[in-house]
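This report refers to the structure that appears directly beneath it.
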Amino acid sequence: MISRPSPFMVILTLGILLVISALFVCTLGATGFTLGKTGSLSLFVIEQIRLPRISLAIITGAALGISGAVMQGLFRNPLADPGLIGVSSGAALGTTVYIVLGSSLGLDTLSRHYPFLHNVMLRWMVPLSGMIGGFCTTGLLYSFARRQEGLSTTLIILTGIAIGSFTAAITGILTFRADDTALRDITFWSLGSLAGANWSGFVILLPFFLTALILIFPLRDILNAFLLGEKDAILLGHPVERFKKMAILGVALATGPVVSFVGVIGFIGVVVPHLVRLVTGPDHRIVLPASALTGALLLLWADTAARLIAPPAEIPVGIITAALGAPAFLWLLTRTQTGSALS
Amino acid sequence: MSLIFENVSYHIKEHNLVGEISFTAHAGQIIALLGPNGAGKSTILDLAGGLKTPTSGKILLNNSDIGTISAYKLATMRALLAQESPLTAPFSVTELVSLAFQSLDHTLTMSQKKHLLEEVINSVGLAEKSTRNMQTLSGGERQRAHLARILLQLAANNRPTESQLLLLDEPLSAQDPAQHLMILSLIRHYVRKGGMAVIILHDLNWASAFADHIILLHQGHIYAQGPPGHVLTNATLGSVFGLPSFLVKQHKPTNRPYLIPHDMLSGLS
Amino acid sequence: MFRGFALNRRHFLKLAPIPVLAALSPLAHAENAQIIKDCRGRPVTLRPWQRIAVIGGTLTETLYALGASERIIGVDSTATWPKSALKEKPSFGYMRALAPEGILSLNPDLILAIDDAGPIATMDQLIASRIPVFFIEKTPSPEAVDRRTRLLAKLVQKTNEGEQLCREIDTSWNRLSQWRGAHTGTKKILFILHVANGRPVVAGRHTAAEQIIHLAGGKLVTEEIEGYKTLNSEAITTLQPDIILTMTENEQPTRQLIAHDPAFRLTPAGQKNLVIAMEGERLLGFGPRTADAALELAQILSRA
């Protein structure tokens, strides 16, 4: 017997939880919360530090959660995560290229002539180069995996492995060339952190996130059909090739920019869809929105933990998600007798 | 509905999977594809379903070239039951069957949908298991759930049964004898309403009992086709399946042939 | 409480946003406010700050040396000297991976940051919080040590202590030049910052290590390298360093590396096992003790 909670109730509950969490978490922080005697500093902390950070955590978590659900549906593989299409490794390469080679690109000379441009570059070149790296890598992977008869998911995985190790090799060569400060910067980027959150970053990320959602949500029916296999999805009249393109584009748009901004945040993309399906069943009409909401909820709390564990210092949130995500994943595995029940 | 193969061949590189296939099938018919393993039965079914494009020749569905029909329109015209499904998601039977609704535009109300869903699950004998997880069902039950799903795919859209085509790849493979009869009756019922079915079968007796037209395949080519009495003879079966292992007899009331294994005869004599 | 808030708010709006304008206003002149500029040219109104958040180990060390430690309310993880600093002051993490709220939570009235503190987003937000943020140059040179010391002394109203400290530092520089005048001969030095994955990370040009080695009369063998980078074995044999210099913090792994890596045995330093370890902040910080460290290094080099 299978009994499922009503999709409406699931979304409603998650939505309410997210709103309550966001409001509650807003009162938590190293500064404490002093609404009664709000000075301009507490106001500043809430308006300019916590709120943008919470907003960033929500769209980052949502992007990773929903991308994970799309990837696992596209590859019909419970282990699939957004990293499979090369966005993350590409973003890592992009940021590394900039961090290591940025200074030798003549930016210092530039700064003397165009201080404004220099200021902009200083702030946005890391995420920008990450995005470029991510999108280029995914594009490369796509062109390799495309055949006359269409896009093969197996080829995507194999190409992804090859491109992944290739980008890792280049990143490795670069880190070998990198000086100590750059190495430390790269290390901190690879651990993932939302500490640099601000409204301008959020405003830049939001259009990517919304575009990705607009691309991804219409895929829910075809993702369900895809669970029957590619052949059955075609037989049901779905535009399967277009679907694969849209799925990859959507995931790249959702994850590439956030990864470039906040660094590598592991396990949300893999664990969240599993957690969701455990409750909702495999229907993507609910798995997609529920994964977005659950991802947002989890990252919000993980980041709160990152902020609160060792004040006034912080722990990179990537460490927290990995430290919580890995045991959660193991627990999920022990709960299911067969691997197939996971998917 | 009419399905016409005109000199259809299909190769993968130098391998000729099927060659020079020609036949015509009409609404109200059950067409059985028979032949040994590797004779090209599944390839013909995939070609008829539009999953494969012929290397040469033409396939006409309702008199239009199947290659010119959009994937979406094709989905309202034909449904295909594959031999096996790679599904691992823990859908319930009802959830699996209702995936057919999601794929196609329809104007059905909630209660119409519910009614159709119950009817089609009932028709494959899974009414009592409709809320069960697919993974906890037997292979035969899963196969019938998928059968219900593709029946719903055709029933859920507005296209009349007369212009629809059911393609079944060994629908009896995982079923017990009682289910053989149930499923074939179900298909016959569908065809009597005006539909058409092309079925791959291995059991020659069931094929003889239910098929209106049998296509006997051998090494990618049609060896013989026609009504059961014309195709199922000692001579054709002997050359297609190798050793003469059956004795073909005539069932007087229906004039259809039936087969008795040779061993049984030798044991009797 | 309400009054306090209102006052605070008004104060804030008038004075804090653009200190330049504040300085030009008659009010500011009436208060006799003094404007100073940080290394980025950003003006800050001088005040008797009591709660200073310090980012950059050298700055913390200097403030301690000036006797202004009680004004420090928090430090970053590079504040390795004096050892008590990280014990008695809360730490807000590594100076290039700071989060704004941790620093603001300590309620500082001044944020004192070495120029390469980061990330930029965090520094932007600290500046936006309107708590004065004062950047201080990180140049590794004797003149910069003097400038930094005087500037910090001025910021904490310890001008006399600053003068005193600068005199002491000058004495050490003078003794260093005397020593170097009396002792000739240049040693070839390899500076190992730390050992990462079994490979030495060494100092190249444009580093504090290069500066200190030059000051002490040594020659850095890795001058073709820019910054601190990983070195491969083959390069070590061609560099032929006479002496290997490292920091006390990383002395053990460095000695182990030299003992086990055959490439080092082909160098004069490896053969004689000549490894000098000096405390990192003192040697590379270009703070109050660096002149002394340079002198000590010069003496060790000429004896070696």
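All chains are identified by letter, namely A, B and C, in their written order; residue positions are counted from 1 within each chain.
Note that in this section a contact is a pair of C-beta atoms (placed from the backbone, for glycine too) under 8 Å apart; a residue touches a chain by one contact, two chains touch by 3 or more.
Quantities reported herein were computed from a predicted structural model and do not represent experimental measurements.
K.L.:
Which label fits the chain touch graph of this model best, line, ring, star, complete or other?
P.N.:
It is a line, because the chains touch in a row without closing up.
K.L.:
Counting C-beta pairs in contact, does A-B beat A-C or the other way around?
P.N.:
A-C
K.L.:
Find the geometric centre of each of chain B and chain C from their Cα atoms only, then give the gap between the two centres in Å, rounded to an integer.
P.N.:
Inter-chain centre distance comes to 80 Å.
K.L.:
Measuring centre to centre with CA averages, how many angstrom lie between chain A and chain B?
P.N.:
45
K.L.:
Quick one: report the Å distance separating chain A from chain C, using the average Cα coordinate of each chain.
P.N.:
So the centre of chain A lies 37 Å away from the centre of chain C.
K.L.:
Which stretch or stretches of chain C touch chain A in the complex?
P.N.:
Against chain A, chain C makes touches at 1, 5, 8-9, 12, 74, 77, 90-94, 96-107, 116, 118-122, 124-125, 128-131, 193, 196, 201, 204, 226-230.
K.L.:
Flag every residue of chain B that touches chain A in the complex, lowest number first.
P.N.:
Listed in rising order, the residues of chain B that touch chain A are 49, 51, 71-76, 79-80, 82, 85-92, 95, 99-100, 102-104, 131-133, 135, 150, 153.
K.L.:
Once bound in the complex, which stretches of chain A touch chain C?
P.N.:
29-32, 37-41, 44-45, 48-50, 122-123, 176-185, 188, 193, 195-198, 201, 307, 311-314, 316
K.L.:
What residues of chain A sit close enough to touch chain B in their complex?
P.N.:
1-3, 76, 221-222, 224-225, 227-229, 231-232, 234-239, 281-283, 285, 338, 340-341, 343
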